[in-house]
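Next, two complexes with chain A in common: one pairs it with chain B, the other with chain C.
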Partner chain A sequence: MKTNYKKFQEKFIEGLLMLSGTVTSLTVLLIVVFLFSEGLGVFNKKPIDDDFNLTIHAENRISKLSPSQVKNIFDQKIKNWKEVGGKDEKIILFKIDDISDFYTDDQLGKDFKNLSWCINDYIVKHRGVIAFFSKKYISKNFKGKILDVDKIKVSEFLSGDEWFPTARPVAQMGVKPLILGTLWVSLGAILIALPLGLAAAIYLSEIANSRIRNILKPLIELLAGIPSVVYGFFGLVIIVPLIQQLFNLPVGETALAGSVVLGIMALPTIITISEDAMRNTPRAMKEASLALGASKWQTIYKVVIPHSASGITAGAILGIGRAIGETMAVLMVTGNAAIIPTTLLEPVRTIPATIAAELGEAPNGGVHYQALFALGCILFIITLVINLLVEFVTKRKTLSKH
Partner chain B sequence: MHKIESKNVNFYYGTNQALKDISLSIEKNTVTALIGPSGCGKSTYLRLFNRMNDLIDNTKLEGQILIDGVDIYAKSTNVDTLRKNVGMVFQKPNPFPKTIFENVAYGLRVNGVTDKKFIEERVINSIQQVALWDEVKDKLKKSAFELSGGQQQRLCIARALAIQPSVILMDEPTSALDPISTAKIEELVYELKDKYTIVIVTHNMQQAGRISDTTGFFYMGELIEFDQTKNIFTNPKEERTQNYITGRFG
Partner chain C sequence: MKKQLLVLMLPAFAMLSCGGSKEKTEKQAITIKGSDTVLPLAQMEAEKLMKQDSSITVSVIGGGTGVGITALLEGSTDIAMASRDLKTEEALKFSEAKKEIEKVLIAYDALSVIVHPGNKVSQLTREQIEKIYTGEIKNWKEVGGEDLKIVAYSRESSSGTYEYFKEEVLDDKNYATDVLSMPATGAIVQSVGQTKGAIGYVGLAYQTKSVKQLAVSYDEGKTFIAPSVAAAKDKTYPISRPLFFMYEKVNSEKVKSIIDYTLSEEGQKIVLEVGYVPLK
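And now, the complex of A and B:
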């Protein structure tokens, strides 16, 4: 009787544990599926606002343009239809704001009620025209041709140099500057955090006596608990002006500022993980080295550091992982210009900062909205790779021990 | 002059006194065994000779320890130099995660020796001294972890010999080994006596009797008796020594 009850109890607890495990895994799976289904949706969309049309003269041979062609036409970099495969005909840009240059107020009518007629008229009369206007101005007997725009391509998305998701007539969805911005800031962060973190870890594990360690260790762990906005404030008030003055820049909001702030934020991770690894160096190994007349430093770099190499690597990678995903602090100090960085002293825009800053403005379900999810997917893949790397590094360690 | 001299040594871990007024002297080219029940302070005492206890926070030493007449705890003593002269073999074999060759070369390298040929000769020579040469000569480039426990321990002895110390401290060097490996190491200790002064901690009474010239019996931090090994084992002056040796306690 009693054993039966105990058995039941054990089964019950087992079931509960299994349930929570399953729920967690399902939640993670759900998030990933959601992220990717939204994100990949962007490649099924045209980078043009659903409510707007691009129209051309009915006799124009062209029926489809790529997003970048449209952009270049409106930037007047392409001036003739033959450059995009049409007839030799000068391109005439028609903007709805200029309508009153061509039609009188009388023609336009009260409250612009004849606007659609005027637009139609203008398009019919100009063979080289290309016009961008709201769908609601298309009259019933519209005589122009509605131009098709290519869908966003994965290759263009990844390699595009420009990120203007709200640009008109077509949004520019090139994420290269954002990916590079993210990588630059993270790389800078790790270059700052790794030497510092390593030095601090060595000090804590090998040099500091137990009293100092007992004070410093919790302090460093506390550093990990500070909300990132606070780091952002610190960066904005101290690091940004400092960088501006130090390098004599017009603005201090740069990739470097982001790197410094992220570096500081990554420090606790790097320090605690590598310090743990170093303290795990078998005492016997250190004593063997010292007993052979090796100095403390020789013992540190010949025994302690090699022994904890995988721990140090894991710490560094996890530190970068945190840096790459970090949003708030970076948003506050990097200037957020979506340009491809050439030095650390320029403003950059990172992926998380872009998502955080733009998601609120992007209309739900639109191209911009989905493009931001696609950015989320890229970030997810980057961090996934990082986590796999950690896994690999730590696994190699356990293998080599046997 | 005695090789090692200990004068009224007291040692404390924090407030806990682990050694009480230990005085003894050890002659050159002898083997001295330190015996006594667990926790009586043998390891603590042994580790004073190469200042290994310096690594432990919160310890205090009173009294003097002289090696070749020099106070090894004097301000002017360089600890690294001292440890070159006083080698140590630990209870558990503790080779580095390096090749067999590099394990033995380690002490030379950290002491600034760069001459490749010299290092090679010294490594081979040391491995030969511990009678390990035939067993490892074909796998010097292999990891030291591929050796058996007994082989690893002999490698650790070779590693200590490579920098040519004059004193070798051994803390229960055979306690983790099988009888055959133990016999090999005992034989080795006996041979090494010609060149080195050896202090060995052991729980094995037969071993102490077989290999040592002098024996010190420790009990609760005190040195109860220190004499010729044959006297200790056949005719101890103290009853506590007698009881311990005959296995009545400890």
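And now, the complex of A and C:
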């Protein structure tokens, strides 16, 4: 009876453990599926609002415009149709909110009854017109030409260098500056955090006596517990002006400021993991080295570091994984200008900062919303690659041991 | 952060006030939704009103003017907060749905253009500001200042202020790519105050001594008007916009309490406290 009960208890606990494992895996899978199904949806959409049209005069030769051409036309940087391959004709912009400037209330009718007639009339009368309005107001005998807008292509999405997701009539979805911005900031962060973290880890594991270590280590681990907004504000108020003065820059919100803040944030991970790895160096190996006449520094350099190399790498990669995904601190210090960075001393816009700043206002299910999820997918792939790298590095180490 | 905290706390306030007045009168629950610009104002008004009259519960939700107006169209909110007038298309949608909309002007919001206090430039025309933000003017010496690169700060594209500034000041052109965008108005003030070549735009309420406000001209340089509550009130200052509460006419009885309170002397005092320009 008692053994039966015990067996049942064991089975029950086993079941519970299996259940929680399954639930966790399912949740992860669900999130990934959700992320990718939303994100990939962007490539099925046109960068123009679904129920809107871009129309021109019927006799205009143009039948297609690229998103950036449309943007430049509406920004009045392109002012003549011949610049995009048409006839020598001045471009006239027309938006529906301007309609009352051209037609009286009588002509528009009560409740805008005659609106579609007025739009048609305006387009027929102006040869250089380009008009942007809702499909609902196209009259039955519409005389203009409707421009075709291409769906967003994967290659354009990845290689485009302008990010204006809310631009009307046509949104600009180029994520190259965002990907490069993320990589620059993370690279800078690792260059700052790795030497510092390594030095601190060596000091803690090999040089500091146990009393100092007992004080220092919890302190460093405390760094991980500070909310990232606090790091961000610290960066904005202290690091940004410092960088500006140090390099005599016009603006202090730069990739470097982001790197410094992220570097500080990645430190606890790097220090804790590499210190643990160093302390795992067998005492016999260190003593053998010292007994052979090597100095303390030689022992650290020739024995401890090589032995714990895999742990150090893992720490560095995990630290940088955290840095790449970090949102709030970066949002506050990097300036968020979506330009392709050429040095660390320029403002950049990172992927997580973009998602955090824009997702709240993007209409659910729209192009902008899905584009932000596609950015999430890119970030996911980057961190996945990093995690696989960790796996690879630690595995290689265990294999070589045997 | 504070905004979110307030939103989270509102239901708590509502619950507290529930406990106080057990079945005394019939409960009145009013929902307000829309512009994030109006949000802090509406929250304050709602809070004060609920403290006075425990039979009313008001919940205030942000999301942007467009969101509020859509909700009003669908009937999922009683009042829509708006930081602009109805667009032609929105007016069309309401007339299609045969809904009559009442607009109540509750306050004005004026934007001031700010620069670093050490900047020699003290006035700009609208055209100059447009060229600065679209990237055509890149140095302060082009507008009469010293030889210094211009660093333009803006809000994030999700903000209503971003759209308003684009439509009103930039003639609906897109911002240049190298314009820096900040997550909060406070961050713009902080950055402009510590960057020598900086220019930014913020609500009138955010003026501090660490930045300098510019006078702007909308008639190509003939008259320059410095931003102030008085200038915004008599409409001589051009970069100011009306803030509205909008509701369906059939609902006017239900929303009367909050609207009357907002327009009352006490309510208008709150407008000034929150940092907008009162009507009178």
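Note that in this section the second predicted complex is superposed on the first by the 333 of 402 C-alpha atoms of A that agree within 3 Å, B and C clash if a C-alpha of one lies under 4 Å from a C-alpha of the other, contacts with A are read in each partner's own complex, and residues count from 1 in each chain.
To be clear about the criterion, a residue touches a chain if its C-beta (ideal position, glycine included) is under 8 Å from a C-beta of that chain, and two chains touch if they have at least 3 such contacts.
Predicted model only: the values in this text are computed from it and were never measured.
In the superposition on chain A, A:Glu253 makes contact with chain C only, while chain B stays out of contact range.
Once the two complexes are laid over each other on the shared chain, residue contacts for A:Glu14 go to neither chain B nor chain C.
With both complexes superposed, C is the one of chain B and chain C in contact with more chain A residues. Residue contacts after overlaying the shared chain place A:Pro282 against chain B, while chain C stays out of touching range.
Looking at the shared chain after the overlay, A:Ser210 reaches chain B, while chain C stays out of its contact range.
Using the contact criterion defined above for the overlaid structures, shared-chain residue A:Asp148 touches neither chain B nor chain C, since it reaches no partner. In the overlay built on the shared chain, the residue A:His307 is in contact with chain B alone; chain C does not reach it.
Looking at the shared chain after the overlay, A:Val240 reaches chain C, while chain B stays out of its contact range. Shared contact residues on chain A (touching chain B in one structure, chain C in the other): none found.
Chain B meets chain A in the complex at residues 50, 52, 55, 57, 80-81, 83-84, 87-88, 90, 92, 94-97, 106-107, 110-111, 156, 159-160, 163. Those residues of chain C that touch chain A in the shared complex are 1, 63-64, 87-89, 91-92, 95, 134, 148-149, 151, 156-159, 163, 171-174, 177-183, 187, 190-191, 194-198. If you check the complex, the residues on chain A that touch chain B are 209-210, 282, 284-295, 298, 302-303, 306-307, 400.
Listed in rising order, the residues of chain A touching chain C in the complex are 71, 74-76, 95-97, 99-100, 111-112, 115, 134, 162-167, 177, 229, 236-237, 240-241, 244, 250-253, 331-332, 335-339, 347, 349, 356-358, 360-362.
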